Amino acid sequence: MAGRSRIWTEVDFAAPGKQVSYLHLPYSVTRSAYGTIAIPVAVIAKGEGPTVLLMAGNHGDEYEGQVTLTKLIRKLEPDDVRGRVIVLPAANLPAALAGARVSPLDGGNLNRSFPGDPDGGPTAQIAHYIDSVLLPMCSVWLDLHSGGSSLDYIPFASIHLSGDPALDERALQALRAFGSPLSMVWAFFDEPRMATGSAHKHKLVYIGSELGGTGSVNPEGVRVCEEGVIRCLAHMGVLQNQAKFAVPAAPRIRLTELAGREYYVYAPDAGLFEPACRLGDTVREGQIAGHVHFVDDPAREAVPVYFRRDGLLVCKRHFGRCERGDCLAHLCTDYGG
Amino acid sequence: MAGRSRIWTEVDFAAPGKQVSYLHLPYSVTRSAYGTIAIPVAVIAKGEGPTVLLMAGNHGDEYEGQVTLTKLIRKLEPDDVRGRVIVLPAANLPAALAGARVSPLDGGNLNRSFPGDPDGGPTAQIAHYIDSVLLPMCSVWLDLHSGGSSLDYIPFASIHLSGDPALDERALQALRAFGSPLSMVWAFFDEPRMATGSAHKHKLVYIGSELGGTGSVNPEGVRVCEEGVIRCLAHMGVLQNQAKFAVPAAPRIRLTELAGREYYVYAPDAGLFEPACRLGDTVREGQIAGHVHFVDDPAREAVPVYFRRDGLLVCKRHFGRCERGDCLAHLCTDYGG
Amino acid sequence: MAGRSRIWTEVDFAAPGKQVSYLHLPYSVTRSAYGTIAIPVAVIAKGEGPTVLLMAGNHGDEYEGQVTLTKLIRKLEPDDVRGRVIVLPAANLPAALAGARVSPLDGGNLNRSFPGDPDGGPTAQIAHYIDSVLLPMCSVWLDLHSGGSSLDYIPFASIHLSGDPALDERALQALRAFGSPLSMVWAFFDEPRMATGSAHKHKLVYIGSELGGTGSVNPEGVRVCEEGVIRCLAHMGVLQNQAKFAVPAAPRIRLTELAGREYYVYAPDAGLFEPACRLGDTVREGQIAGHVHFVDDPAREAVPVYFRRDGLLVCKRHFGRCERGDCLAHLCTDYGG
Amino acid sequence: MAGRSRIWTEVDFAAPGKQVSYLHLPYSVTRSAYGTIAIPVAVIAKGEGPTVLLMAGNHGDEYEGQVTLTKLIRKLEPDDVRGRVIVLPAANLPAALAGARVSPLDGGNLNRSFPGDPDGGPTAQIAHYIDSVLLPMCSVWLDLHSGGSSLDYIPFASIHLSGDPALDERALQALRAFGSPLSMVWAFFDEPRMATGSAHKHKLVYIGSELGGTGSVNPEGVRVCEEGVIRCLAHMGVLQNQAKFAVPAAPRIRLTELAGREYYVYAPDAGLFEPACRLGDTVREGQIAGHVHFVDDPAREAVPVYFRRDGLLVCKRHFGRCERGDCLAHLCTDYGG
Amino acid sequence: MAGRSRIWTEVDFAAPGKQVSYLHLPYSVTRSAYGTIAIPVAVIAKGEGPTVLLMAGNHGDEYEGQVTLTKLIRKLEPDDVRGRVIVLPAANLPAALAGARVSPLDGGNLNRSFPGDPDGGPTAQIAHYIDSVLLPMCSVWLDLHSGGSSLDYIPFASIHLSGDPALDERALQALRAFGSPLSMVWAFFDEPRMATGSAHKHKLVYIGSELGGTGSVNPEGVRVCEEGVIRCLAHMGVLQNQAKFAVPAAPRIRLTELAGREYYVYAPDAGLFEPACRLGDTVREGQIAGHVHFVDDPAREAVPVYFRRDGLLVCKRHFGRCERGDCLAHLCTDYGG
Amino acid sequence: MAGRSRIWTEVDFAAPGKQVSYLHLPYSVTRSAYGTIAIPVAVIAKGEGPTVLLMAGNHGDEYEGQVTLTKLIRKLEPDDVRGRVIVLPAANLPAALAGARVSPLDGGNLNRSFPGDPDGGPTAQIAHYIDSVLLPMCSVWLDLHSGGSSLDYIPFASIHLSGDPALDERALQALRAFGSPLSMVWAFFDEPRMATGSAHKHKLVYIGSELGGTGSVNPEGVRVCEEGVIRCLAHMGVLQNQAKFAVPAAPRIRLTELAGREYYVYAPDAGLFEPACRLGDTVREGQIAGHVHFVDDPAREAVPVYFRRDGLLVCKRHFGRCERGDCLAHLCTDYGG
């Protein structure tokens, strides 16, 4: 786990100007003995200033960030920048091209793969390159997620509590600058292999998001994302030419949190889930979240599903079919509320 | 194509009362030499009256009708009925359990398989059974579709023009009885193997629908469906006990049509489609419908996509990724407008 | 369905002597543009006499016949024969090599493919060759089945009632000559595409069998098969040199029948089936055949399964896991009883 | 390999009473971003006493233990217990539902995955949870195996020699209490990643078994298993109410061993294996175990296979087809004999 | 088999000028309910004259024709033409994009699918469109094949004997005009579903080819193809502006034939084939063509393979591994020789 | 990563004489619970002398070495040897039987798996066995590669610079003894997990090769290989009886090198690659290597590809289709030139 990345690139991260090129991840298989996976990367740099990593496609089926960054690469010029912007519009490229959360090459979920492994599969190698090559250059990381194929979200940006109050305070300021009307603080999470774990290890300000979902492109989410990225770059002092991007000032945000496992609702059986609530509803503990129906056995009673605490319904499962143990919904509550 | 179905059932279609059971489709494979596919069926009958076939799961990933009919089977009792209601809540059961448009067993799209084949794969056998056994018993068929995984629709019920004015007039009356606020007349279609072809051959009133889509359960679509089915059964004289179902009177509907290939918009290239419009927008010929982006090649210009006529945007592609030739959207216009 | 087979062979069916060679079925795919599937065939002939087709591997995972015929090809010599013996030890070769009921090339179940199609997939082409080329040469066909991967049988040979009393009488005599201690008359079946359908069309004596099953080689079934084949060839007058094969005289057989759908028991739900009876048990209508357990939901009650009539338990499902609609068992009763 | 398990449960292992619930293994994939695999677990506890782990479904296609434990969960009540019984009726749940030895999710063989890895695939995570969370609570582990799809066994319970004479003596007493008429001591094995390795590391009494096989439910094996589990719980002092379970006293067992690689017979070529012996036969070194036949090349001589030492035939390959290197059979000899 | 094609296009085949567009084959699947397969087509027309269909990608892994026609579409202008040229550069587009002989959608081999079926899979629908829509417009068809992934050929153009001497004579003149130094007359073939069958039915001059193979682009084959297509168009009177294409005059060709099954050599066993001859060798009946080696069983003797007649080695199997029944080589002899 | 291999064999590496047998790699899966992968191995030894490991099938689709060693095993006898020759003719057997670079069992590329892992998949276990069991016995390793399915090479033998001048000098002498007319020194490589890494760690003379490619058996490459192996064994003093093998003296070789990433050319886009040069051409920096064509979009301009330095074209991509990032070609230059 301690080796050097075999990913190479013709990009010179130290050079000023605009470069749009590829990271080459060697992938030696039957159809291509000396093949590489060509992961798009752009660097736009000028003068002294911080380095910000803008990234989408951590999960391949989360599109609002991919749209935002693909357009930004064509629009952002060195004269717009003080410092450096590194853009990975489709970090787990094989997943992005497959429209899938995980890579079709190795089944890898990039956001469960940090800090990565230079000797692992492509997904672990991408995580390792980000962690060992890119993050040491950066002070801020915007990792633009959505709900993916299986979840639907009210769009928001978010931070994860790091245990370092100073870092969390800087992240919170960046989150306010991003300015998604609803914003989230993840106060409960149980997975050290997410990107946020690498960010906190490197003491980076890490902004995440859930900008829609359902495997579709949510135009409202794209708007929230485009404005938030520009405002965040300006907040960091990296964007010099904000007028060019014509973005309104950040609105006052509603800051919420997810603070425990009881915010989540899980499927008690496999079947067809009919939700009883909609995104944005305020719900109560014990309220019915929906029913699991058995279309192959219509004589069998549907199984009701209940919320386990009060809260705002911010996320629900998108697909009609569920398996036992699937997350069907989760709530949030006002931060510090 | 002229044999007898090998599908058998313990249901007695001529018996009064309520039967909830299965159609058994023989499927002899390695894991089960004498296996059958057990397709749920219910019959609720009492006295003299017409026979109505209620069917969902023609496409397995269209759920509003499946939810409606699974619930109706548990609620509808013989005393509620004059005549007979036959219910197939998951007609292409293997597709329904897979959450897929087509059957995982043979790749079959049931709505491209009529009039079916008793010697074909499971999907063709189901079509053949419906066409040769069930339809001859019926005078009305409600075939409850939605947009499926790949499309999003404003919910509506619909009829297809049959070329028989008297039949079309009866269908139109049934459509008004169903009462979806937006309703559709398919005046252009080019596929004789759809269910509607068998319905017209048998001179049945055939009501179709698109009650949502995206591979999810749309609660608004479920409501439109549940109310429409009850009103339609009452309109046919089959439902005796409408008060039990507490359904409001049918609203005045907006009747629209799709009358040519130019109502559709197709993807000019493969990539990530960002729509520029939303369902319900009124659009003009030549207006931009969206752009295809190339996240693997961000230096390449996005490709714009245009509407080819004026109309109401009633359907759009759901998935972010598209292939060249995918339908990205379609319009409708006021019927007779 | 009316063309000529494209299968070719270097075997000369009209020549005396012993030929062990192949039928070549053209199969043009990416890995082999001019490839053929080489299906083993042997012909052993001398002088005037009837032609018998000995065949195994109709289903690839039924092995007792394959073992018997592979050994017989090496042992049987022209001097042992008056007339002609054609041997197909692995008729659906791709299925036999895969150890599967159906062909891995096209999913085809050869015993649901008669009379075949020269333009169909490999399985339909094999059926067509047998029906259009081999059967017209023959007067008797031994088609040696077992229960396959999914079923376990008490070994027996069998005939299917043809509707032609004279033909059925000749078949019954051959069945007695085969001499499996338990023997079966199929008085109920509902599938015209089985081998027996082609046999009856050509007015051939057709002997089937179920010589074991479970996807294994049953040594007792091999013995019953080896002795039965030799005795049957002698009965037909084709075997001249019976002493070489040292087979005991046929025992008195117990002749049973399967005469209706109620002889079968089907799974009422998917789960893990624990049988309550064993092969050879005599059971009563209403007796418990076993239970379906839900190991993923141990709080749920097991579902009992009942026999639907009296009889001898001659066949049971082998695999522990079942799907709703799978055949779990079937009975037989004394013929004419 | 040193992290903490991400598997969580609402079960309170410290609470008295009966809990039937799930272990939730987070599994984030395209079809379910926040999905979990819900592995059934039950805890029945009352008062002071030892903790016994009862487990089946280590391999998914070994069913006798799954049937036994699923039934026991419904029958065993806190008043029957002194101490604690933890039951995992389907430890590798995805494999159990697939009816496969290995998990369909990651190909993992749970019994080659100990001590597991909290960052590995689902199978490695299950092994890690058992090793790091469950085993430290326990003093006895019954891990109920059968031969699986590919092997057929005379049913027996077994122990593995640990190198710790005191532990082995306690295990031997438990084995005698279990009371399978044939019992086995594994004196030769070469795989440290089996469950037994974790058991010995934790100084647990570990009872294994081979209660049948062939991918079927063996009723005799179920009986041996049900009686053995009850007697073993009573022997441990955990079962208080043995009369409720009406189990006969343990018979005198025949104790055998497998003491070297020469007890095994391997396939010398790929083909169709016809065995020459049956389970329970006593065989001699050099005796023919069977033949490999070539049904695709009937002109080729069959290849004989020989036993490599004397012994009792306790295990044979079930499937007809074999590959070179497959184990075709193994023997045992009297323990200490 | 007698319906109308559902393939539609915006191309107006009757219009003069140059159109580069798509045939849309409706393909309704889970990922795209209203999807179409967009098969590229070009029409370049001016004035009166014959219509020639230029087609490549009948098999997707045959590339020389695809390269030639893709380039020609960009280069050929209406002023270069008298009459009409219809170009299908990738007729079985899904196969072409997969680099496979057969379609990944339905396994279909387009050149075994004529005259096609409008209700069949995509491959059968393409064949039907060509046969029922395109061929009736044409008098000449150039169907540009190579050996595909599995075969290597000395490049040549070819005709198939039609049984109509006048048509064959016109074809022979076209073949001489094409001018591949080696040319072939197929005097033996046994497959009515090839393109040539439809061509002969429509009384078209049909020129085939084998311009290389091995799944690669053979630059020599591309040159032969580019020159031959131009010369053939000129010979037909369709090309007006031959100077623009700067092609040398046709050389004198060596005309050969394949006249029987004994020209072919088939693999007698599965293994690794080491050829003993090279393309262009003149060989004798009984000469060794190569050996099949068994790398998994090196103690086993290699199996020799023999030529079955004299001839010129014009085609050999490319892949090292073979299955029994694969074509390993074929010969040709001088036409009329 | 530090355990002991579970691979076992009946071969006695210390015994004189000739043994042709198997390495047994335990592989416990659903189809064979106690299965092993039987990897062929031969040992031919007599008297005192060095040990040479001859290996092919590191990549399964590289055949010249497999042919050479399979034949050598049958021909080489103990009296021909002083010392010991260990032969692995198909080291990654599952890949060799699949005709693939990587193993079908675990996707493993053996030449990216060193030093291996006894707890990993089959490929990692093979690497570990070679590294931990075989290499410590050896002083020389011939690892016979070709270009595989995706690449075509001018045949050559090669060494990799180790950083140890004395070892490199011994390797260079062995390379000259091998005597391939073109020979290569790999002065640039960036992958420590190749076989060469293990060889250098053990201070072995390691000879590699690229003896053809394209997934075919190149007869010229077989000749180069057979002669080179014999000359190399003689050079090492292991071959006593060189006359028996009738090999000419080594020619004077042209010694070339690959010294940097700019020797390689990568695909700038996905499509159909038409090369503009042939193997053996001398090319210049900036010269066109070929074009990527878009057969699905013939209106789009082809994309040219350029060489990035001067050199000899020694390797080109074989398959017509390419993905962005595939290696399309690489060059070499005269060593020290």
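Details
As written, the chains take the letters A, B, C, D, E and F, and residue 1 is the first residue of each chain.
FYI, a residue touches a chain if its C-beta (ideal position, glycine included) is under 8 Å from a C-beta of that chain, and two chains touch if they have at least 3 such contacts.
Just so it is clear, the model here is predicted, and its values are computed rather than measured.
In summary, the chains found to touch both chain A and chain E are B, C, D, F. The interface with the greater number of C-beta contacts, when A-C is set against A-D, is A-D. Two copies of one chain, chain C and chain E, form a contact in which under half of the residue numbers belong to both partners. Look at where the CA atoms of chain D average out and do the same for chain F: the two points lie 42 Å apart. One inter-chain figure worth recording: chain C and chain D are separated by 36 Å, centre to centre, where each centre is the mean of the chain's CA atoms.
Chain B and chain D have CA centres that are 49 Å apart. Those residues of chain C in touch with two or more other chains are numbered 38, 61, 296-297, 319, 324. Annotation, chain-chain contacts: A-B, A-C, A-D, A-F, B-C, B-E, B-F, C-D, C-E, D-E, D-F, E-F (touch as defined at the top).
Residue ranges of chain F in contact with chain B, taken from their complex: 269, 296-297, 324.
Every residue of chain A that touches chain B in the complex is listed here, in rising order: 20, 38, 40, 42, 57, 61, 63, 66-67, 69-71, 73-74, 87, 89-90, 93, 96-97, 99, 152, 214-217, 219, 222, 272-276, 278, 293-299, 301-302, 318-321. Per the touch definition, chain B reaches chain E in the complex via residues 59, 61, 100-102, 107, 109, 111-112, 147-151, 190-193, 261, 264, 266, 317, 319, 322-327, 330.
Contact residues on chain B toward chain C in their complex (touch as defined above): 3, 6, 8, 22, 24, 26, 28-38, 119.
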